[in-house]
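Following this message is one structure expressed as C-alpha coordinates.
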Amino acid sequence: MSVTTPASAVTPPGYSDTKDDQLKRLRRIEGQIRGIARMVENDAYCIDVLTQVSAATRALQAVSVNLLEEHIAHCVVDAARESDEAAAAKVGEVTAAVTRLLRS
Amino acid sequence: MSVTTPASAVTPPGYSDTKDDQLKRLRRIEGQIRGIARMVENDAYCIDVLTQVSAATRALQAVSVNLLEEHIAHCVVDAARESDEAAAAKVGEVTAAVTRLLRS
Amino acid sequence: MSVTTPASAVTPPGYSDTKDDQLKRLRRIEGQIRGIARMVENDAYCIDVLTQVSAATRALQAVSVNLLEEHIAHCVVDAARESDEAAAAKVGEVTAAVTRLLRS
Amino acid sequence: MSVTTPASAVTPPGYSDTKDDQLKRLRRIEGQIRGIARMVENDAYCIDVLTQVSAATRALQAVSVNLLEEHIAHCVVDAARESDEAAAAKVGEVTAAVTRLLRS
(Lines give C-alpha, C1' and ligand atoms only; values in the text may rest on other atoms or scores of the structure.)
Protein backbone atom coordinates (compact mmCIF):
# COMPACT_ATOMS: atom_id res chain seq x y z
CA MET A 1 0.00 0.00 0.00
CA SER A 2 1.82 3.05 -1.25
CA VAL A 3 1.68 6.38 0.49
CA THR A 4 1.68 9.03 -2.18
CA THR A 5 1.90 12.05 0.05
CA PRO A 6 4.86 12.83 2.24
CA ALA A 7 2.65 15.49 3.87
CA SER A 8 1.01 12.68 5.83
CA ALA A 9 4.11 12.53 8.00
CA VAL A 10 3.84 16.14 9.08
CA THR A 11 0.19 17.28 9.04
CA PRO A 12 -2.35 15.21 10.99
CA PRO A 13 -4.85 13.55 8.62
CA GLY A 14 -8.43 14.84 8.28
CA TYR A 15 -9.75 11.91 10.35
CA SER A 16 -7.59 12.68 13.44
CA ASP A 17 -10.59 13.51 15.65
CA THR A 18 -12.49 10.35 14.68
CA LYS A 19 -9.50 7.99 14.42
CA ASP A 20 -10.73 5.68 17.19
CA ASP A 21 -14.16 5.39 15.55
CA GLN A 22 -12.59 4.55 12.19
CA LEU A 23 -10.40 1.88 13.81
CA LYS A 24 -13.39 0.40 15.66
CA ARG A 25 -15.37 0.20 12.40
CA LEU A 26 -12.43 -1.43 10.61
CA ARG A 27 -11.99 -4.04 13.40
CA ARG A 28 -15.70 -4.82 13.17
CA ILE A 29 -15.46 -5.25 9.38
CA GLU A 30 -12.42 -7.51 9.82
CA GLY A 31 -14.61 -9.63 12.12
CA GLN A 32 -17.41 -9.63 9.51
CA ILE A 33 -14.98 -10.92 6.85
CA ARG A 34 -13.74 -13.66 9.20
CA GLY A 35 -17.38 -14.58 9.90
CA ILE A 36 -18.04 -14.86 6.15
CA ALA A 37 -15.00 -17.13 5.73
CA ARG A 38 -16.38 -19.34 8.53
CA MET A 39 -19.76 -19.49 6.76
CA VAL A 40 -18.04 -20.61 3.54
CA GLU A 41 -16.01 -23.22 5.46
CA ASN A 42 -19.25 -24.55 6.94
CA ASP A 43 -20.94 -24.72 3.51
CA ALA A 44 -23.55 -22.06 4.35
CA TYR A 45 -26.20 -21.39 1.73
CA CYS A 46 -24.93 -19.10 -1.10
CA ILE A 47 -27.62 -16.47 -0.60
CA ASP A 48 -26.89 -16.25 3.15
CA VAL A 49 -23.19 -15.73 2.39
CA LEU A 50 -24.10 -13.08 -0.23
CA THR A 51 -26.25 -11.23 2.31
CA GLN A 52 -23.28 -11.00 4.70
CA VAL A 53 -20.90 -9.93 1.92
CA SER A 54 -23.35 -7.12 1.02
CA ALA A 55 -23.46 -6.07 4.69
CA ALA A 56 -19.64 -5.95 4.88
CA THR A 57 -19.48 -4.01 1.60
CA ARG A 58 -21.97 -1.50 2.96
CA ALA A 59 -19.92 -1.14 6.16
CA LEU A 60 -16.79 -0.45 4.07
CA GLN A 61 -18.69 2.16 2.05
CA ALA A 62 -19.68 3.82 5.34
CA VAL A 63 -15.98 4.01 6.28
CA SER A 64 -15.30 5.66 2.91
CA VAL A 65 -18.05 8.23 3.33
CA ASN A 66 -16.76 9.06 6.83
CA LEU A 67 -13.17 9.46 5.68
CA LEU A 68 -14.34 11.58 2.76
CA GLU A 69 -16.41 13.80 5.05
CA GLU A 70 -13.46 14.36 7.43
CA HIS A 71 -11.16 14.97 4.47
CA ILE A 72 -13.41 17.65 2.98
CA ALA A 73 -14.13 19.19 6.41
CA HIS A 74 -10.43 19.53 7.21
CA CYS A 75 -8.02 19.12 4.29
CA VAL A 76 -10.19 20.70 1.56
CA VAL A 77 -11.40 23.53 3.81
CA ASP A 78 -7.78 24.26 4.92
CA ALA A 79 -6.60 24.22 1.30
CA ALA A 80 -9.42 26.60 0.30
CA ARG A 81 -8.17 29.05 2.92
CA GLU A 82 -4.57 28.67 1.80
CA SER A 83 -4.78 29.46 -1.93
CA ASP A 84 -6.65 28.84 -5.19
CA GLU A 85 -3.94 26.41 -6.30
CA ALA A 86 -4.06 24.39 -3.07
CA ALA A 87 -7.87 24.25 -3.30
CA ALA A 88 -7.84 23.12 -6.94
CA ALA A 89 -5.36 20.33 -6.17
CA LYS A 90 -7.51 19.01 -3.30
CA VAL A 91 -10.72 19.24 -5.36
CA GLY A 92 -9.14 17.18 -8.14
CA GLU A 93 -8.02 14.58 -5.62
CA VAL A 94 -11.43 14.33 -3.95
CA THR A 95 -13.17 13.98 -7.31
CA ALA A 96 -10.85 11.11 -8.28
CA ALA A 97 -11.53 9.45 -4.91
CA VAL A 98 -15.33 9.74 -5.39
CA THR A 99 -14.99 8.28 -8.89
CA ARG A 100 -13.08 5.29 -7.46
CA LEU A 101 -15.74 4.88 -4.77
CA LEU A 102 -18.57 4.87 -7.32
CA ARG A 103 -16.76 2.29 -9.45
CA SER A 104 -16.17 0.03 -6.45
CA MET B 1 -25.24 -14.14 11.03
CA SER B 2 -28.48 -15.99 10.51
CA VAL B 3 -28.80 -18.97 8.22
CA THR B 4 -32.24 -18.83 6.65
CA THR B 5 -32.14 -22.13 4.83
CA PRO B 6 -31.96 -25.48 6.56
CA ALA B 7 -31.24 -26.91 3.09
CA SER B 8 -27.66 -25.69 3.53
CA ALA B 9 -27.08 -28.55 5.92
CA VAL B 10 -28.01 -31.20 3.39
CA THR B 11 -27.21 -30.03 -0.16
CA PRO B 12 -23.68 -28.76 -0.91
CA PRO B 13 -23.73 -25.02 -1.68
CA GLY B 14 -23.31 -23.72 -5.24
CA TYR B 15 -19.72 -22.65 -4.52
CA SER B 16 -18.53 -26.15 -3.47
CA ASP B 17 -16.14 -26.48 -6.43
CA THR B 18 -14.55 -23.06 -5.84
CA LYS B 19 -14.66 -23.07 -2.03
CA ASP B 20 -10.85 -22.85 -1.66
CA ASP B 21 -10.71 -19.89 -4.05
CA GLN B 22 -13.45 -18.08 -2.14
CA LEU B 23 -11.64 -18.69 1.16
CA LYS B 24 -8.34 -17.46 -0.31
CA ARG B 25 -10.03 -14.26 -1.57
CA LEU B 26 -11.65 -13.69 1.84
CA ARG B 27 -8.33 -14.16 3.69
CA ARG B 28 -6.71 -11.66 1.31
CA ILE B 29 -9.52 -9.14 1.95
CA GLU B 30 -9.14 -9.67 5.72
CA GLY B 31 -5.46 -8.76 5.25
CA GLN B 32 -6.44 -5.68 3.23
CA ILE B 33 -8.73 -4.50 6.03
CA ARG B 34 -5.97 -5.03 8.61
CA GLY B 35 -3.61 -3.07 6.35
CA ILE B 36 -6.12 -0.19 6.19
CA ALA B 37 -6.41 -0.17 10.02
CA ARG B 38 -2.60 0.05 10.21
CA MET B 39 -2.62 2.98 7.77
CA VAL B 40 -5.18 4.78 9.97
CA GLU B 41 -3.11 4.03 13.11
CA ASN B 42 -0.08 5.54 11.36
CA ASP B 43 -2.03 8.67 10.32
CA ALA B 44 -1.77 7.93 6.60
CA TYR B 45 -3.15 10.56 4.25
CA CYS B 46 -6.98 10.39 3.92
CA ILE B 47 -6.94 9.92 0.16
CA ASP B 48 -4.43 7.05 0.39
CA VAL B 49 -6.67 5.33 2.96
CA LEU B 50 -9.71 5.91 0.72
CA THR B 51 -7.89 4.34 -2.24
CA GLN B 52 -7.27 1.17 -0.22
CA VAL B 53 -10.85 1.09 1.08
CA SER B 54 -12.08 1.29 -2.54
CA ALA B 55 -9.75 -1.59 -3.47
CA ALA B 56 -11.08 -3.74 -0.61
CA THR B 57 -14.68 -2.87 -1.55
CA ARG B 58 -13.97 -3.89 -5.14
CA ALA B 59 -12.46 -7.19 -3.93
CA LEU B 60 -15.59 -7.87 -1.85
CA GLN B 61 -17.79 -7.14 -4.87
CA ALA B 62 -15.73 -9.68 -6.83
CA VAL B 63 -16.47 -12.29 -4.15
CA SER B 64 -20.19 -11.45 -4.50
CA VAL B 65 -20.16 -11.79 -8.27
CA ASN B 66 -18.37 -15.15 -7.97
CA LEU B 67 -20.79 -16.51 -5.38
CA LEU B 68 -23.70 -15.29 -7.49
CA GLU B 69 -22.31 -16.98 -10.61
CA GLU B 70 -21.85 -20.30 -8.80
CA HIS B 71 -25.31 -19.96 -7.26
CA ILE B 72 -27.01 -19.43 -10.63
CA ALA B 73 -24.88 -22.12 -12.33
CA HIS B 74 -25.81 -24.73 -9.72
CA CYS B 75 -28.75 -23.87 -7.46
CA VAL B 76 -30.87 -21.95 -10.00
CA VAL B 77 -30.15 -24.39 -12.82
CA ASP B 78 -31.00 -27.38 -10.55
CA ALA B 79 -34.22 -25.68 -9.43
CA ALA B 80 -35.17 -24.98 -13.06
CA ARG B 81 -34.86 -28.70 -13.77
CA GLU B 82 -36.86 -29.63 -10.69
CA SER B 83 -40.07 -27.60 -11.16
CA ASP B 84 -41.56 -24.22 -12.07
CA GLU B 85 -42.19 -23.50 -8.39
CA ALA B 86 -38.61 -24.32 -7.35
CA ALA B 87 -37.31 -22.13 -10.20
CA ALA B 88 -39.56 -19.18 -9.29
CA ALA B 89 -38.43 -19.33 -5.64
CA LYS B 90 -34.74 -19.27 -6.60
CA VAL B 91 -35.26 -16.45 -9.13
CA GLY B 92 -36.94 -14.30 -6.47
CA GLU B 93 -34.08 -14.96 -4.07
CA VAL B 94 -31.39 -14.12 -6.65
CA THR B 95 -33.16 -10.90 -7.60
CA ALA B 96 -33.30 -9.82 -3.95
CA ALA B 97 -29.59 -10.62 -3.59
CA VAL B 98 -28.68 -8.55 -6.68
CA THR B 99 -30.78 -5.66 -5.33
CA ARG B 100 -28.85 -5.80 -2.03
CA LEU B 101 -25.56 -5.91 -3.96
CA LEU B 102 -26.48 -2.83 -6.01
CA ARG B 103 -27.48 -0.94 -2.86
CA SER B 104 -24.19 -1.83 -1.15
CA MET C 1 -26.48 0.02 -30.03
CA SER C 2 -25.46 -3.37 -31.33
CA VAL C 3 -27.61 -6.44 -31.04
CA THR C 4 -25.31 -9.37 -30.36
CA THR C 5 -27.87 -12.12 -30.55
CA PRO C 6 -29.75 -13.01 -33.69
CA ALA C 7 -31.99 -15.13 -31.44
CA SER C 8 -33.69 -11.90 -30.38
CA ALA C 9 -35.43 -11.85 -33.74
CA VAL C 10 -37.02 -15.25 -33.29
CA THR C 11 -37.60 -15.96 -29.57
CA PRO C 12 -39.56 -13.40 -27.53
CA PRO C 13 -37.32 -11.72 -24.93
CA GLY C 14 -37.55 -12.60 -21.23
CA TYR C 15 -39.38 -9.32 -20.49
CA SER C 16 -42.26 -10.00 -22.93
CA ASP C 17 -44.89 -10.21 -20.17
CA THR C 18 -43.77 -6.97 -18.52
CA LYS C 19 -42.88 -5.02 -21.68
CA ASP C 20 -45.48 -2.31 -21.07
CA ASP C 21 -44.23 -1.79 -17.51
CA GLN C 22 -40.63 -1.50 -18.72
CA LEU C 23 -41.66 1.04 -21.36
CA LYS C 24 -43.64 3.04 -18.82
CA ARG C 25 -40.63 3.16 -16.47
CA LEU C 26 -38.33 4.23 -19.31
CA ARG C 27 -40.72 7.04 -20.38
CA ARG C 28 -40.81 8.23 -16.78
CA ILE C 29 -36.99 8.21 -16.56
CA GLU C 30 -36.82 10.13 -19.87
CA GLY C 31 -39.07 12.74 -18.22
CA GLN C 32 -36.81 12.80 -15.14
CA ILE C 33 -33.75 13.48 -17.32
CA ARG C 34 -35.60 16.29 -19.13
CA GLY C 35 -36.58 17.71 -15.73
CA ILE C 36 -32.93 17.67 -14.64
CA ALA C 37 -31.90 19.49 -17.83
CA ARG C 38 -34.53 22.13 -17.07
CA MET C 39 -33.17 22.51 -13.52
CA VAL C 40 -29.66 23.05 -14.94
CA GLU C 41 -31.01 25.58 -17.47
CA ASN C 42 -32.67 27.47 -14.59
CA ASP C 43 -29.45 27.45 -12.52
CA ALA C 44 -30.90 25.24 -9.76
CA TYR C 45 -28.70 24.64 -6.74
CA CYS C 46 -26.03 21.92 -7.39
CA ILE C 47 -27.17 19.70 -4.52
CA ASP C 48 -30.80 19.79 -5.70
CA VAL C 49 -29.70 18.75 -9.19
CA LEU C 50 -27.55 15.96 -7.69
CA THR C 51 -30.53 14.67 -5.68
CA GLN C 52 -32.57 14.34 -8.88
CA VAL C 53 -29.69 12.69 -10.77
CA SER C 54 -29.41 10.13 -7.94
CA ALA C 55 -33.18 9.49 -8.18
CA ALA C 56 -32.95 8.93 -11.95
CA THR C 57 -29.93 6.64 -11.49
CA ARG C 58 -31.87 4.62 -8.92
CA ALA C 59 -34.82 4.36 -11.33
CA LEU C 60 -32.49 3.07 -14.07
CA GLN C 61 -31.04 0.50 -11.66
CA ALA C 62 -34.59 -0.65 -10.93
CA VAL C 63 -35.13 -1.19 -14.68
CA SER C 64 -31.92 -3.26 -14.74
CA VAL C 65 -32.96 -5.43 -11.80
CA ASN C 66 -36.35 -6.01 -13.44
CA LEU C 67 -34.87 -6.97 -16.78
CA LEU C 68 -32.38 -9.25 -15.04
CA GLU C 69 -35.16 -10.95 -13.06
CA GLU C 70 -37.22 -11.60 -16.19
CA HIS C 71 -34.12 -12.79 -18.03
CA ILE C 72 -33.22 -15.33 -15.33
CA ALA C 73 -36.87 -16.40 -14.89
CA HIS C 74 -37.28 -17.09 -18.61
CA CYS C 75 -34.08 -17.29 -20.66
CA VAL C 76 -31.82 -18.88 -18.00
CA VAL C 77 -34.52 -21.30 -16.81
CA ASP C 78 -35.29 -22.34 -20.42
CA ALA C 79 -31.58 -22.84 -21.15
CA ALA C 80 -31.20 -24.96 -17.98
CA ARG C 81 -33.93 -27.23 -19.28
CA GLU C 82 -32.37 -27.40 -22.74
CA SER C 83 -28.81 -28.53 -21.96
CA ASP C 84 -25.74 -28.04 -19.75
CA GLU C 85 -24.04 -26.10 -22.57
CA ALA C 86 -26.99 -23.76 -23.08
CA ALA C 87 -27.18 -23.19 -19.30
CA ALA C 88 -23.45 -22.47 -18.98
CA ALA C 89 -23.60 -19.92 -21.83
CA LYS C 90 -26.51 -18.05 -20.21
CA VAL C 91 -24.88 -18.11 -16.76
CA GLY C 92 -21.71 -16.56 -18.17
CA GLU C 93 -23.75 -13.86 -19.90
CA VAL C 94 -25.76 -13.04 -16.77
CA THR C 95 -22.60 -12.82 -14.66
CA ALA C 96 -21.03 -10.39 -17.12
CA ALA C 97 -24.22 -8.29 -17.05
CA VAL C 98 -24.24 -8.16 -13.24
CA THR C 99 -20.55 -7.14 -13.27
CA ARG C 100 -21.39 -4.27 -15.66
CA LEU C 101 -24.30 -3.26 -13.42
CA LEU C 102 -22.11 -3.17 -10.31
CA ARG C 103 -19.50 -1.08 -12.13
CA SER C 104 -22.13 1.41 -13.30
CA MET D 1 -38.60 18.52 -8.03
CA SER D 2 -38.24 20.75 -5.03
CA VAL D 3 -35.62 23.43 -4.75
CA THR D 4 -34.48 23.48 -1.14
CA THR D 5 -32.25 26.50 -1.34
CA PRO D 6 -33.48 29.98 -2.09
CA ALA D 7 -29.79 30.89 -2.53
CA SER D 8 -30.00 29.23 -5.95
CA ALA D 9 -31.99 32.19 -7.15
CA VAL D 10 -29.31 34.71 -6.26
CA THR D 11 -25.87 33.07 -6.46
CA PRO D 12 -24.91 31.29 -9.69
CA PRO D 13 -24.61 27.52 -9.14
CA GLY D 14 -21.20 25.81 -8.96
CA TYR D 15 -21.65 24.39 -12.47
CA SER D 16 -22.11 27.82 -14.15
CA ASP D 17 -18.89 27.54 -16.17
CA THR D 18 -19.72 24.04 -17.45
CA LYS D 19 -23.49 24.47 -17.82
CA ASP D 20 -23.44 23.84 -21.59
CA ASP D 21 -21.43 20.65 -21.12
CA GLN D 22 -23.84 19.40 -18.46
CA LEU D 23 -26.81 20.13 -20.73
CA LYS D 24 -25.14 18.37 -23.67
CA ARG D 25 -24.51 15.29 -21.52
CA LEU D 26 -28.10 15.27 -20.27
CA ARG D 27 -29.49 15.55 -23.84
CA ARG D 28 -27.28 12.63 -24.85
CA ILE D 29 -28.53 10.55 -21.90
CA GLU D 30 -32.13 11.43 -22.82
CA GLY D 31 -31.36 10.03 -26.28
CA GLN D 32 -29.86 6.89 -24.74
CA ILE D 33 -33.04 6.31 -22.69
CA ARG D 34 -35.19 6.78 -25.80
CA GLY D 35 -32.93 4.30 -27.63
CA ILE D 36 -33.41 1.75 -24.84
CA ALA D 37 -37.21 2.19 -25.03
CA ARG D 38 -36.98 1.54 -28.79
CA MET D 39 -34.94 -1.64 -28.14
CA VAL D 40 -37.62 -2.86 -25.71
CA GLU D 41 -40.38 -2.04 -28.23
CA ASN D 42 -38.50 -4.09 -30.84
CA ASP D 43 -38.08 -7.05 -28.45
CA ALA D 44 -34.28 -6.76 -28.31
CA TYR D 45 -32.45 -9.46 -26.36
CA CYS D 46 -32.55 -8.83 -22.55
CA ILE D 47 -28.77 -8.79 -22.17
CA ASP D 48 -28.37 -6.23 -24.98
CA VAL D 49 -30.95 -3.98 -23.29
CA LEU D 50 -29.16 -4.42 -19.95
CA THR D 51 -25.83 -3.42 -21.52
CA GLN D 52 -27.38 -0.15 -22.74
CA VAL D 53 -29.06 0.52 -19.38
CA SER D 54 -25.67 0.09 -17.69
CA ALA D 55 -24.12 2.54 -20.17
CA ALA D 56 -26.84 5.13 -19.47
CA THR D 57 -26.42 4.60 -15.70
CA ARG D 58 -22.68 5.16 -16.05
CA ALA D 59 -23.30 8.34 -18.04
CA LEU D 60 -25.62 9.63 -15.30
CA GLN D 61 -22.98 8.85 -12.66
CA ALA D 62 -20.50 10.88 -14.72
CA VAL D 63 -22.91 13.84 -14.61
CA SER D 64 -23.10 13.42 -10.81
CA VAL D 65 -19.32 13.35 -10.41
CA ASN D 66 -19.01 16.47 -12.57
CA LEU D 67 -21.66 18.38 -10.65
CA LEU D 68 -20.06 17.31 -7.38
CA GLU D 69 -16.64 18.47 -8.54
CA GLU D 70 -17.96 21.88 -9.57
CA HIS D 71 -19.91 22.14 -6.33
CA ILE D 72 -16.84 21.45 -4.17
CA ALA D 73 -14.61 23.66 -6.33
CA HIS D 74 -16.96 26.62 -6.03
CA CYS D 75 -19.64 26.39 -3.33
CA VAL D 76 -17.60 24.48 -0.72
CA VAL D 77 -14.43 26.50 -1.34
CA ASP D 78 -16.40 29.78 -1.09
CA ALA D 79 -18.08 28.62 2.12
CA ALA D 80 -14.69 27.65 3.60
CA ARG D 81 -13.50 31.20 2.99
CA GLU D 82 -16.67 32.69 4.47
CA SER D 83 -16.81 31.02 7.91
CA ASP D 84 -16.50 27.78 9.86
CA GLU D 85 -20.29 27.54 10.08
CA ALA D 86 -20.81 28.02 6.34
CA ALA D 87 -18.10 25.41 5.65
CA ALA D 88 -19.62 22.87 8.06
CA ALA D 89 -23.07 23.27 6.48
CA LYS D 90 -21.70 22.67 2.97
CA VAL D 91 -19.61 19.67 4.09
CA GLY D 92 -22.67 18.04 5.65
CA GLU D 93 -24.64 18.62 2.44
CA VAL D 94 -21.90 17.19 0.21
CA THR D 95 -21.56 14.11 2.42
CA ALA D 96 -25.30 13.45 2.22
CA ALA D 97 -25.14 13.84 -1.58
CA VAL D 98 -22.25 11.35 -1.85
CA THR D 99 -24.17 8.89 0.35
CA ARG D 100 -27.18 9.17 -1.99
CA LEU D 101 -24.89 8.66 -5.00
CA LEU D 102 -23.35 5.51 -3.51
CA ARG D 103 -26.80 4.11 -2.72
CA SER D 104 -28.02 4.76 -6.27
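Observations, loosely collected:
Letters A, B, C and D name the chains as they come in the text, with residue numbers starting at 1 for each one.
Assume contacts are C-beta pairs under 8 Å (C-beta built on N, C-alpha and C of every residue); 3 or more make two chains touch, one makes a residue touch a chain.
Nothing here was measured: the structure is a model prediction, and the numbers come from that model.
The minimum number of touch steps linking chain A to chain C comes to 2. Looking at A-D and A-B side by side, the one with more C-beta contacts is A-B. In terms of their C-alpha centroids, the spacing between chain A and chain D amounts to 22 Å.
Each chain gets a centre from the mean of its Cα atoms; for chain A and chain B, those two points are 20 Å apart. Residues of chain C in contact with at least two other chains: 61, 64, 68, 94, 101, 103.
Taken as a contact graph, the chains are arranged in a single closed ring, with each chain touching exactly two others. Of all the residues in chain D, the ones that touch chain A in their complex are 61, 64-65, 68-69, 72-73, 76-77, 80-81, 87-88, 91, 94-95, 98-99, 101-102. Chain B makes touch with chain A in their complex at residues 1-5, 7-8, 12-16, 19, 22-23, 26-27, 29-30, 33-37, 39-41, 43-58, 60-61, 63-64, 67-68, 70-71, 75, 93-94, 97, 100-101, 103-104.
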